[in-house]
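So, here come the structures, one by one.
Both complexes shown next keep subunit A, but they swap its partner, so subunit B is in the first and subunit C is in the second.
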Partner chain A sequence: MVLYALISGILIGLFYGFAALGLSLAFGVLRVVNIAHGDVIVLGSYLAYELSTQAHLNPLIAIPVAIPVAVVIGLAFYRLIAPSLGRSKDPEMLSLILFFGVSQVIEALATIGFTVNQDTLLTGPVGNGSVQILGQTFPNYEPVAAAVAVPGALLVMLYLYRSRLGLATRALMSSRADALLAGIDVGRTSALSFGIALALAASAGVLSIYVNGGVNPSQGADLTTTAFAVVVIGGLGNPGGALAGGLVFGLAEQFAQSYEPNWAGLVPYALLLAVMLAKPEGLFGRRARYA
Partner chain B sequence: MPNVAAGASGQRATSAQIWRRRAIDLASVLVPTVLFALARTVDSNLLLLVSIMVYVVLAQGVNVIYGFTGYLPFGYVGFFGAGAYGAYVAVAHLGANAVEATALGGVAAVLVGVVLIPLLRLRGAYFAIASLAAALALSSIVSNPAVTSVTNGPYGADLTRVFSSGGSYWTAVVIVALAMVSVVALRRSRLGLLLRAVRADQVSASCAGVNVVAARTGAWLLSALLAGLAGAVYAWSISVFYPTAVFDTTISLFAIVFALFGGVGTVLGPVVGAVVLYYVYNAIGVNDPQYFQLIFGVVIVIIALFLPGGLAALALGARRRLGARRGLGGAQPVGGSDVR
Partner chain C sequence: MSEPAPIASSAASPAQAQAPAPGPGAAAAPGADATPLLELRGIAAGYGSMQVLWDIDLSVAAGECVVILGANGAGKSTLLRVALGLVPAMQGSVWLRGEDVSQLRTDRRVARGIGFMTEVGVFPELSVRENLLLGAYRLGAKQARANLERTYAAFPLTAQFRSRPAGSLSGGQRKLVGVAKVLMGDPSLVVMDEPSSGLSPVAVHEVVEVLRGVEQSDVSLLIAEQNTAFLGLAQRAIVIEGGHRRFEGTVDALRDDAALKRAYFGIE
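Showing the complex of A and B:
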């Protein structure tokens, strides 16, 4: 049982980390709290569902389909809200309320489009079957989720640490004013980061339909809470931290489910509260480490 | 209100202004209370009226904590559920009557508020999400099968023994009055002044000798009390309920949006917001919740982007413009024109 919980916790934890990356990026770069993050994940799940049931494609194809769409929507949406955020005395609070509204709109539209019922993808290449790892049997989707999450996170790291735009993004993370002074196009860099954040959320949604046993419109709020917990545990604006936070979260959840199933539901919230109150900069974030 | 503007600018108010202010305060408490007391002669659906009153109280509770401190409690429903279950435990285990149980529901919520005081160390989004996590954790504890002997766990609470539709109705009217008095008193009291100072500039306020933590804690516990009383009277009026119903995060959502829509930081804004939007909800939201949610979401986005003060700001802006046109208007002739 220890081995099972350990492996399952790592595999699912990597997925959680990936699912939280976009939230971490948006918060770190833009100081925008995307309460609608979980709802974008839900939209990604529905895209995978539709591609699989209507077009009979491998649901994983939804990831390359979702990324450009999400980036374009993110770019446009950020341009739309940037003036209001710039005018506000407290942009963080404004973004909180604004995205709270956006999350309601997405959930309502998803309900109108797909009904409140849970949709599952039990068939197809990812949904059924299981694999053996170290003598333990795991459902197929757990290693698949981890196999998408790790390269995904590596790509984000490559972007942040090995590209010029990534350098600009990190400059923005550490100080918006200094970035402006250094001649960085803050508007464009911010908009692009928001687009990437949405693309990450939508890609995570393609995996979420398996990991969370299906998709329904009201999942968004829970997914946002989970992602926020992971980000808080790992520290903000740092992809490595998000993955590490995801691992802590996944392991805690899997061990709780194995040993104390009655109280397992409490674990995410207790973990979130404990980390926030004891070490608000995150377990893996050094205060000064913004890049 | 021009007279308030004069008072706030530091000039000594004349006695006529003081009396006028008192009359306005009294009216803001009495008008909603009397209207709700009379409402049963117009609408015989008492459960609907109690629900509206419950949301009026919740919106005022959000007003107290968000309007006066800037802390946005996504987990506000935690106090509501604590109140409902406090009332249940009081009736089922302590043999309390319904009114005592309602009061004990309020006490239970205040106790939860005391336990959660450390959350006030967090700010902005951290506080909002942490309060949500706390509410979900509380819900998960209350509904756990392991505590069935206390809360009846996931199997629901039964208060039919003390059911009284008239009794819960009148108690709700009293709680609405209490909520109105709280907000009016908070606006006029020293605590309210301290909180506004903290909101304007925390560091300066603390340098001027304001105990920032104590002032915030006061507002936090007051808003917990209001939500607890609302939860208890709601539990009493529906009499059979499950943890999922009284810890439903939609309740936080409604309370926050009603308050924002009406205008936080004002006395009557949350009341108007709650009554208007709850009637809209009742008209379309019960059968087609998704369309109501869509309207709701759009309203929030519009408030966030264009109307941070809610309906109250709209009304105030219109009044100032009118006053400026008539040439009356002690209401800042310059400020009046750039309210938009």
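Showing the complex of A and C:
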């Protein structure tokens, strides 16, 4: 049972980390908590559902479809909200209200389009078979979710740590004013980061329909809560920390699921509180600014 | 935290490193062009409804060093932030080489050849190498890589600690990395906000010596300070008190002003 919980925790944890990566990126760059993040994941799930049930395509094809669409929407949406946030005396509060509104709009539109019922895909991403890992049997969507999450996260890390634009993004995460003073086009970099954040959320949605056993319009709030917990455990504004936070969250959840299923929903959040009390900046968060 | 390393090698001073590779906006010799490099005209500024600067004029000629002297809260940093577009002016205008840039974004003013060093000076979470590359961000990747080698030679400290997070260095080392970072961008004007902040007298002396080398390479300097050690670099100084310009003139004239002498040099 230990081995099963360990492997499952890692596989699901990688998915959680990937699902939270966009939230972390958006917070790190824009200093806003996108509470519509979970609703974008839901939209990704519905795209996978539609491609599978209407077009009879493999749902994973939704990922390359969702990425450019999400990036374009992210770029446009950032340009729309940036002037208001820039003028606001309290941009954090304004962004919270704004994204709450976006979340409600997405949920309402999803309800109109898909009804309140749970929609599930009867066939897995690579058939309905199971997979044996170290003698343990897992539904095939778990390793598939991890197999998509790992290269996806690696690509984001390569972008952040090996590209010129990624360096500008990390400078922006460190200090907006100093990024401006380095000659970085902060508006364009922020807009691109927000687009990438939405693309990550929509891609995670394609996997979420399997990991969460389906999709419904009101699922967004729970998904945002999970992603937020993962990001806080790992360290707010640190994309690498989000991945580590996902593993911690996934392992806690799967071990609880294996040994005390009734506690499975509680343990990861109790862990969140413990991390906050012991290390408020998160396990891999940035320490206080240097004077 | 390690001991401060030597700041600039004796073999390759920052001045020597700067001189052969002037940037697009490299400064002309003093007097070659009467148009000031930077000119602030009648600046009034503040935060919200709180005004902190009233009718400040200031100019920096090509190749010149000007020090803005003032106590904490006098408005020095605000004036620099207005010059760079980080704080909007309530009144007045900002001119670069005769061009009114008052409505230009900060990154576009930087692109015209201004390098700004804040009190912190570096991105603490990023490595020294990454900080240097960001200093030359406006020049493009190829030029940034070329300037990196030049900077490693001029500032051995930056080569020695290239992979370390800049925030893990001592205060003096961070300032020197900050200076090297700003020079990476081949600026024609370097603007510095309190470069002595948080430094020991020895580290202040080292920073002043490095800036002396920068000055000799015809890069203009505008330094906001309350430490008079930087006056040795300057041709002119302005003194701001309570948001108003109290004095403007040569450093010798400043030293001859009895009231200012008492206030800033502690001499009766």
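Basically, the second predicted complex is superposed on the first by the 281 of 291 C-alpha atoms of A that agree within 3 Å, B and C clash if a C-alpha of one lies under 4 Å from a C-alpha of the other, contacts with A are read in each partner's own complex, and residues count from 1 in each chain.
As a convention for this text, a residue touches a chain if its C-beta (ideal position, glycine included) is under 8 Å from a C-beta of that chain, and two chains touch if they have at least 3 such contacts.
Everything numeric in this text was worked out from a predicted model, so none of it was measured.
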Q: Have a look at where A:Ser174 lands relative to subunit B and subunit C in the superposition and call it first, second, both or neither.
A: second
Q: Tell me which partner A:Val131 touches in the superposition: subunit B (first), subunit C (second), both or neither.
A: neither
Q: Based on the superposed arrangement, let me know which partner A:Ala229 touches: subunit B (first), subunit C (second), both, or neither?
A: first
Q | Partner chain(s) touched by A:Met276 [first = subunit B, second = subunit C, both, neither] | A | first
Q. Which partner does A:Ile184 reach: the first (subunit B), the second (subunit C), both, or neither?
A. second
Q) Given the touch rule stated above, what does A:Leu94 touch, subunit B (first), subunit C (second), both, or neither? A) first
Q) Which one hits more subunit A residues, subunit B or subunit C? A) B
Q.
On the A-aligned overlay, A:Arg164 touches which partner chain: subunit B = first, subunit C = second, or both, or neither?
A. second
Q. Can you list the residues of subunit A that touch subunit B in one structure and subunit C in the other?
A. none
Q. Which residues of subunit B touch subunit A in their complex?
A. 70, 72, 118-119, 121-122, 124-126, 128-130, 132-134, 136-137, 140-141, 144-146, 249, 253, 256, 260, 289-291, 293-294, 296-306, 308
Q | subunit A contact footprint on subunit C (complex, rising order) | A | 84, 86, 105-107, 110-111, 116, 118, 120, 123-126, 130, 133-135, 137-138, 141, 167, 174, 185, 198
Q) For subunit A, which residues count as touching subunit B in their complex? A) 27, 33, 81, 84, 88, 90, 92-94, 96-98, 100-109, 111-112, 116, 217, 221, 225, 228-229, 232, 262-263, 265-266, 268-270, 272-273, 276-277, 280
Q) For the complex, which residues does subunit A have touching subunit C? A) 164, 167-168, 170-171, 173-175, 177-178, 180-186, 286, 289-291
